[in-house]
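Shared between the two complexes below is chain A, which pairs with chain B and chain C, respectively.
Then we have the complex of A and B:
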């Protein structure tokens, strides 16, 4: 297992040298960014099985704060990152305590409603730029403005953040929290009967997930330099996190990375080919993926690999399972 | 008394599924709860386990009032339960299933794994510990259900039809397992449909019908009481009016 991750890290570090050119560099940076937000979503949606369709609110919290501190106080956008994480955590606790009492679809629907509410509020609130949005610094004053030419520097910054997130997730996976979250996903009633304080652990998962989603938002805005309700809080942003994770394999460390590596280049290419009208195609495309995944393999591509490709490659039937008495 | 239910009632939209049930279980006992379908056994069971809050009455466990306490608090206090339809965590291994229970008393991963392995050994599942739980059939899942509850190291174990759906030889093995659990000092409350199981295990039984206790006492005496026979079989032929 370890050598695979080493190989992956080496490939990630060398990728910009092999794929030259500003378009490729930008796509690479966006792939890593999507991997961060999807991995963050995965903590709650994959491991704990609480499907949120409203993570754009955490992404938005992270994305707005760097632009906000710059627009109002001319402070370095980097300062906005911890602030965005703090706001995101506050929102997570405020909505998590009541909504995590809900189960299954009810939780999902509530997250959509709250996220849309926040988008509409922000769209009408002048200090956050209302419908027009907020601008980051055009050129760097100091390095803390995190404003660089080209995408390569962002790419490497994003990689560091992704590595940190994967490290935290890998640790969580193996700790008591990982076992508890998987138990909650498999059956909350049974988990609670075994002494798992389900609501508390779901809230922990939501907070961890919200914090890293906010980091993704902050990193997005320092790269793009501009944020408005459409790019920071739209439902498509939430859906993208779900899609990337589900396509790769929810509840696994590697799934969101695989999903991002496939979906984001496709999306960017579609944007180049179809221009602004590409957004509509993205929706149709996501809809198609949802239908295919739910029909054939809810476990995503990793499950297809594990359950179908690997056994086929070995060219022998899976060993018969001995049933316990 | 380890477990004490006083005048417990549970209503669903005005329908009284359990009506004023009193129940006392002393430490070290095996108490059986029987009754025909729809008698309110499962509802009473859920009230005892913290899964449902009684509409009226109180439940005390080891001196503490647990009437409105959530299920996880029951587990912490030392009351464990199984589910009638096994609630197996199918996408993880059998060991991982049991570890979830073991974490309650052993927060460290290594300690929990060790404790879970001991329980699996005891329950006769050690050989399959590393298989995914989805590969287990019904008998295995029933066994895992008991093992997982045992991993929380309970003083009282509530078994909800833990042996239903097993073949006669599987039932004999499961009865042995329950006896062994009892020998280790765990008090048991058993809800069961299979009369053979109740007669083999319970020292005392209570009979529910229409949500009320209609009889209680030693198994052999109770099952021959006319009210009990009537509840199970209907009015006996000899007493039917022409």
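Then we have the complex of A and C:
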């Protein structure tokens, strides 16, 4: 297993050298960014089985704070990152404490409603730019503004964040928390009866997930340099996290990476080819894929690979049976 | 004072329509413990069906409302057989994702076909206003509210006062026992999905005459349905009726006194507050 991750890390480090050109570099950076936010969603949705359709609120919290500290105090946007994580954690606790004692759909419904609530409030609140949005620094004053030309630098910064997140997730997978979360996903009532403090660990998973989703949001705004309700808080931001994770394989370390590596290049190419009208079509496609996945393989592509492709490859070709004449 | 009455009447009439489509959501929820995340988009589909019927066929309100009911009933049963019946056996993730995927598919298909622009129906037989004492009421709103109330009451009557309704409720209560009594659970659940979709479709057709029609309107309508259902108790049709009217009132008054932008904020915050205080719903009995 270890050599595969080494190989993956080497490929990730070398990718910008092989795929030259600003379009490829931008797509690579966006793939890593999507992998971060999807991996963060995966901690809660994949491992703990609590499906959030409103993770855009955490992404938005992370994305707005760097732009906010720059717009109001002319501080380096990176200083907004811890602030964004803090806001995100506060939202997570405020939602998690009341709703995570309920099971199943209640949490999903609440995330939709709260995300929409926050989007409307931000869209009408001038300090956060209301509907117009906030701008980051156009040119770097110091290197701490993290404003670089081209996307390669961002790509490597994102890669560090992704590595940290995957490290935390891998550690969690093998710790007590990982076992608790999987037990909760398999059946909360049964897990509780075995003494798993389900409510507390669901909250931990939500907080961890919210914190890293906020990091993804901050990284996004540092790279793009602009944030508004549509790009930071829209339902579609949440949809993308669900989509990337579900396609690759929810509840696995590698799934979100696979999903991001497939979907983001497709999406960016569609944007280039069809322009704005491609967006509608992209989400019809997403809806269709989500339905197909839920019908045939909720485990995503990794489950198809593990359960169908690998056994088929391993099966030795059986010699033809000879019948005695 | 007169303005306040005007606002309240408008809120009640819209609330009746909320009650109608929310009764569909609560029926499915109570019956199968499934949340239909596409329910708001079913309403949106009803709106566009009405729009197409008026633009292409110059259909009258009665015709397009009945057509929306029939088509959405068929669509609901089809969704049950093609999608819901299969994912019910699967993990929770599949159940939640399936109707969410359906919502995306419907919403962005509408986006693709009709573009993002709002449309409104051309003048129909229901345009115009009536005057009741000092207040004015749109004919379309009055008809929509009245019909929606009647249909919601009819839904309740169907469930509690007929043999068919008893069969549906029997399946909701205990699928296995219902089967032993000779009821086909699949058929009853398909019927429930058909009824729920028809309720949403009719509600859509009814408000199409005075509401703005847009591909993403289902998003906010779905949350309104969540609030109504949470308020009235998950699975209770009479609860949905009362709370639909109440939410309509709350929305109208907050739009008037706080500002139209914040009407959704008040309603959504109410939803979170209800789940916080009484997760079984204000009038509900069990979680």
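Methods note: the second predicted complex is superposed on the first by the 315 of 325 C-alpha atoms of A that agree within 3 Å, B and C clash if a C-alpha of one lies under 4 Å from a C-alpha of the other, contacts with A are read in each partner's own complex, and residues count from 1 in each chain.
To be clear about the criterion, a residue touches a chain if its C-beta (ideal position, glycine included) is under 8 Å from a C-beta of that chain, and two chains touch if they have at least 3 such contacts.
Model, not experiment: these values are computed from the prediction.
Using the contact criterion defined above for the overlaid structures, shared-chain residue A:295 touches chain C, although it does not reach chain B.
Of the two partner chains, chain B is the only one that A:189 touches; chain C does not reach it.
Contacts of A:6 after superposition on the shared chain: neither chain B nor chain C is touched. Shared-chain residue A:269: touches no atom of chain B or chain C.
Between chain B and chain C, the partner in contact with more residues of chain A is C.
Contacts of A:142 after superposition on the shared chain: neither chain B nor chain C is touched. Within the superposed three-chain model, A:175 lies in touch with chain B and out of touch with chain C [touch as defined at top].
Taken together, the two structures place no residue of chain A in contact with chain B in one case and with chain C in the other. Residues of chain A that touch chain B in their complex: 174-176, 179-180, 182-183, 186-187, 189-198, 321-325.
Against chain C, the residues of chain A that register as touching in their complex are 45, 49, 51, 53, 95, 98-99, 101-102, 104-106, 108-110, 112-114, 116-117, 120-121, 124, 235, 239, 242, 246, 250, 280-284, 286-291, 293-295, 298. Residues 33-35, 37, 83, 86-87, 90-98, 100-109, 111-112, 116, 219-220, 222-223, 226-227, 230, 261-262, 264-265, 268-269, 271-272, 275-276, 279, 287 of chain C are the ones touching chain A in the complex. Residues 49, 51, 70-72, 74-76, 80-81, 83, 87-92, 94, 96, 99-101, 103-104, 107, 109, 112, 124-125, 127-128, 131, 135-137, 139-140, 143-144, 148-149, 151-152, 170, 173 of chain B are the ones that touch chain A when the two sit in their complex.
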